[in-house]
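What follows is a pair of complexes built around subunit A, which joins subunit B in one and subunit C in the other.
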Partner chain A sequence: MKFAGIIFANLLRKKVRLLLTLGSFAVALFLFAFLAVVRYAFTGGADLADAHRLVTINRTSIIQPIPLSYRDKILGIPGVRRVTHDNWFGGMDPENQREVYPELIVPDDQWNVFLKDRQGAIAGAATAKRFGWKIGDRIPIKTTIYGGGAWEFNLDGIYHGKRPQDDETQFWFQWDYFEEKVPDRFKGLIGWYTVQLDSPDSAVRVAKTIDQDFLNSPYETKTETESAFAQGWVKQFGNIEFLILVIGSVVFFTLLLVTGNTMAISVRERTGELAILKAIGFKDGSILFLVLAEALTIALFGGILGLGLAELAMPVLSNALSGMLPNLILSKTMLAAGLGFAVFVGACSGVLPGIGAMRLRVVEAFRRI
Partner chain B sequence: MVSVNTNGKSDALIQVRGLDKTYRRGGEDIDVLQGLNLDVDKGDFVAFMGPSGSGKTTLLNLLGGLDVPSRGTVSVAGDEITHMSSGKLTDWRARHVGFVFQMFNLVPVLTAYQNIELPLLLTRLSRSQRREHVETALAIVGLPDRASHYPRQLSGGQEQRVAIARAIVSDPTFLLCDEPTGDLDRKSADEVMALIQELVSKHNKTVLMVTHDPLVAARAHVVLHLEKGVLVEASKSRESAAAGGGA
Partner chain C sequence: MAIPVIYNFRSVRARWTSAIVAVLGIAGTVGVFVAMLSLARGFRATLVSSGAYDNAIIMRAGATSEMMSGVSLDSMKIIQDEPGVARVNGEPVVTSEVVVVAPFPLRETGTDANVQVRGVSANVLTVRRNVKIVDGRMFQPGLSELVVGHYARDSYSGLTVGRKVNFGGGEWTVVGIFDAGGSAFDSEVWCDSRILQDVYKRPNNIFQSVTVHLSSPDAFQAFKDAISKDPRLDVDVSREIDYYAKQSQAMTRLITFLGGLVAVVMGIGAIFGALNTMYSAVSERGREIAVMRALGFSAIAVVFSFLIEALLISLVGGAVGCVAVLPLNGFTTGAMNWQTFSHMAFAFSITPDLLVGGIIFALAMGVAGGLLPAIHAAVRPIATALRSL
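And now, the complex of A and B:
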């Protein structure tokens, strides 16, 4: 690449300006990466959802409970293979939970200990790591709901997700222990059912049947696919995707203006030199190439720097936000999209000054210098 | 042999016929060059003199293919450049013209070596071939030990010698020098002019130079005066210059 010497010499001409421009790209790409993982943390649930699963909640809202007695009726619907139930606090159905969520892996030996331990608990790997728990620990948890007071658990197992994006922040414990501890008014009521189907093809029919079965009861239900449930869940927070899109657009538009202005100044300062290059035989295309190459080099290096920092920072951020958001995963697709955006902004910021340089009339330029 | 009155065909390296250049400024046409004829042979060293605004630099720009005439033609080694497209003209400049400017116009962020190498980047020469050419040019201008120096680390005279090396490195058909000593002290100017004379006498280069300085012009084979866009006088013969007219 025989023009590399000229390109890098020009880039290093104003080192402070170069550093600031690289910094602009790095900060913007860092922010891009952060927004991308937060967006995915909110919306990725739909991608991770299993097509074999339905979620049944109280028709009023997920905050309202539904009776445990619905389970047997749901199990009787053709096409339903298994049903498990959970609630906010962590009480769940130990008989079916592991089978309904096969992507959350609990080793057999740990699971068997858990089944026999009334105060047993299984924690997600992220939660265990966050609080420094290890198997065998006695965990007291104070609560202001469900009658208050302290609940004590034995950590019998730690589950891991099959995929990096799987939620490893949950805390499960025996439903019987929950029933034993809560005041009478909460007994026999669960938070939601997760229904495992024989085939995704029966999802619409089964969902409709469940909701019809409990129509006009004190606890009407709303059943939807896990994917639809995940999407509805995110909508409760507002239009996160739109918000992130707006913030991202503002960042990139600002970056475009900043780098475009920088490139324009950089080219204007070099009018005389560009005129010389044209005089000695550099064609318009070569001049455009030199300017674009500079802009793209800045964009690429700044982008790599920002995304590299994001890659390093993501585990720290993920840890800091643990419990509020699922795992923050900076995927290869996001990295590629980030670099693509950086290159796009670099090209846009370089193209106008480049065309200006390309169209420079040598005689006019010599008159100005 | 330089001739300013030729109107027909000739075998001269550079042939200018009926050259007009008119600029339009503030709604008024300004005739900078009017019906210029000129023949320059290979190996000639021509100096153009004249007051400011007489059209010297405009003539140089037209001869170098940097500007297009309003009327008339410029032919160099059989190529008529006045009707070439912009792209072809750029190619033609790269092959045939070496430019030397008053302000040296080196790229400040490139070393002397890199500045001289610039025209060669447009060729198909390999890196080692380019190195060979650049080292030869540096040796001709007497700066073989300044290859890695940046323009700011060189004196004015040295900068102009680097600019001359850049102009000759691709072995162009002719050199166009616009006030090459205009920004130099007398000693440096003498050195630069000695170098240009050497390029003509030893390397048989054709040089067309614009200058305000009669002492510098006296180094040329022929001095042509431009007044109000017309070549009005030719002075000094090739023989007297070859005899060694000093500054």
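And now, the complex of A and C:
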């Protein structure tokens, strides 16, 4: 720490250069945070999945329905605690939905009103905000698939996710109301089942049993853990991960070049001073330390600046992209990884000029000036 | 008098490490900029080329994609008799279609992805004239036979001519491969709509969309007016090309927004890099500049000269960036089309105007990064600069 003075004095020697280098780091870390968040937005669903849950869909594809009558058979399989069913429009099983998705929280009083209201509906906080709905609103929704004019709903409650990443965009309403309104050919058919297990260990066995039970029936099923189901969607996106990795590497190498070059220039300019330091008795290690410390300080401050900006910008970006991507959230892990990345680049950029300075031969250096 | 450009070339050569850093910084930025935009272009081009200007697609009123639409057989019969529908031998050129998705394993990863399966009328090739059978034959009406788009054949295993595949609870034989000119249909699988309705247990009198070939491109308005006035119909009509352009909007907007943001932020970073390089050049060359001023070159000439140098560096950077991403042109990749829940193959499309855009972007970064240091160099008092070294 006794060198702090000289390090700061050196940093401030060229203020424009210091600002530019800090800026480069800030920009790179901002991008790092942004890419990490986008990657998570595309792939994060699998991390959020609950290991206690299985998803059963029609084997043909998710757009094909399965009969409601499968419900009791699935419930009879040992290891199954609860089953709920949903469909794309939002009709769901009010008896089990809340228990199967404990991370989506509806206050008890709202839930109790909903249970008694045939036309009741519960909306996710994000959806309610998007359309400006308040509890008590009467909401007409026109379906293009099921026809029958506008369906009327009463918004009885709004659910919030336990974690900030949870999906707050769903719209739930009573299954009975759905059955009553749809044309005959849709009656008795649901979109998918979500099966809650007693223990994640039985996932493979239960999934197999469900699919075997309905094999060779007119509606064969495909049952997966929630996490495998989410990953299946992610894989269809195409190579988002690869794309982000490529952009990330380009940013990384560009930054490394820029900062490495700046450090090299600033060390080169100071050859004389470094030679004097050595002449008056500074050890090689101390010289290396001085140069590295300077690079690391810039990296650290630039990194904090960039991550801070990203933190500030994220709500704005999240708003701009709402409806296209799920909530963008900058997690603590990402921040920590970002700082680590900044320090790593700082160290890399300082190490070559530092070694050059360390190897400097005093006599030659003096001759050069 | 202007300072000779050869001075700039020599000075770049003398400080080549810094110059290369600046060049690479700009190249990286321009490369990402061009690549992202070409991705968005490719996605859009694929969908837009799916639609023909002289075709019209009819879906249920309010439906934004075929997935959520339904048109009854009765409506379809009314539609095909409206004015403006092309006729061949007295028969209307109309295809009524059913669209579902079915999972097939992607060759690349071995995991399933949703393929759009389209049940079509037997005369579909007279409606969609850009679609040609390139291998095997067309399916026979009434049989569970499939014709497969050539991207779909290349993307998924098991979709080659002669193979039998199972989906939806039926067994199908692949009898032909079609080429739809790089459009979204190339990622689809087509079969007889009646058979598809049976296999997917859908009623035989409901289709998801009806596509008609118009007697002439100008007949669209009359056709649309006739349909909207008809009280028996509750449907929306759009030109096929507009329908597909609309489908591409969400994805194109997402890619352009994300790509644009990344490119702009990287651009700021590259400007910092260029500023750093140019400022170092100016400060290292303080005495040179002072000597030139003492020799009688004007301050303007010095600014101009430094600007030329910055533009030179950025031009090279821009060119390197463009050349580096050029091999991506035509490279096919796949992505999810959210409107249809299905996977669609499309190619990066790097057009000359994108490349020009990339170079302009690079030059703009050069000006932004070079102007301040150039002015800084020109306004330093000559005497001080000469003395300082």
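Definition applied: the second predicted complex is superposed on the first by the 340 of 369 C-alpha atoms of A that agree within 3 Å, B and C clash if a C-alpha of one lies under 4 Å from a C-alpha of the other, contacts with A are read in each partner's own complex, and residues count from 1 in each chain.
The rule we apply is simple: a residue touches a chain if its C-beta (ideal position, glycine included) is under 8 Å from a C-beta of that chain, and two chains touch if they have at least 3 such contacts.
For clarity, every value in this text was computed on a predicted model and none was experimentally measured.
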Kindly say whether there is room for both subunit B and subunit C on subunit A in the superposition, answering fit or clash.
fit
Classify the contacts of A:Ala4 with the two partner chains as first (subunit B alone), second (subunit C alone), both, or neither.
neither
Per-residue touch tally on subunit A - higher for subunit B or for subunit C
C
Output check: A:Ala336 vs subunit B and subunit C. Expected answer is one of first, second, both, neither. What do you get?
neither
Rounded in steps of 10, the angle in degrees at the Cα centre of subunit A between subunit B and subunit C is 100
If we overlay the two complexes on their shared chain A, which of subunit B and subunit C does A:Arg13 touch? Say first, second, both or neither.
first
Who does A:Val363 touch here: subunit B (first), subunit C (second), both, or neither?
first
Could you say whether A:Ala279 touches subunit B, subunit C, both of them, or neither, answering first, second, both or neither?
first
Mind working out whether A:Leu245 is in touch with subunit B, subunit C, both or neither, as first, second, both or neither?
neither
After the two structures are laid over each other on chain A, how near do the C-alpha atoms of subunit B and subunit C get, in Å?
9
Share the list of subunit A residues that count as touching for subunit B in one structure and for subunit C in the other.
none
Touching subunit A in the complex: which residues of subunit B?
61, 64, 66-67, 86-87, 90-91, 93-95, 99, 101, 103, 105, 107-110, 114, 118-119, 121-122, 127, 166
Complex contacts: residues of subunit A adjacent to subunit C:
14, 16-17, 20-21, 23-24, 27-28, 30-31, 34-35, 38, 60-64, 142, 144-145, 147, 185, 218, 220, 232-233, 235-239, 247, 250-251, 253-255, 257-258, 260-262, 264-265, 269, 317, 320-321, 324-325
Which stretch or stretches of subunit C touch subunit A in the complex?
17-18, 20-21, 24-25, 28-29, 31-32, 60, 62-64, 67-70, 100-103, 106, 109, 111-114, 167-169, 200-201, 203, 250, 253-254, 257-258, 261-262, 265-266, 268-270, 272-273, 275-277, 279-280, 283-284, 333-336, 341, 343
Where on subunit A does subunit B make contact in their complex?
2-3, 5-6, 9-10, 12-13, 272-273, 276-284, 286, 362-363, 366, 369
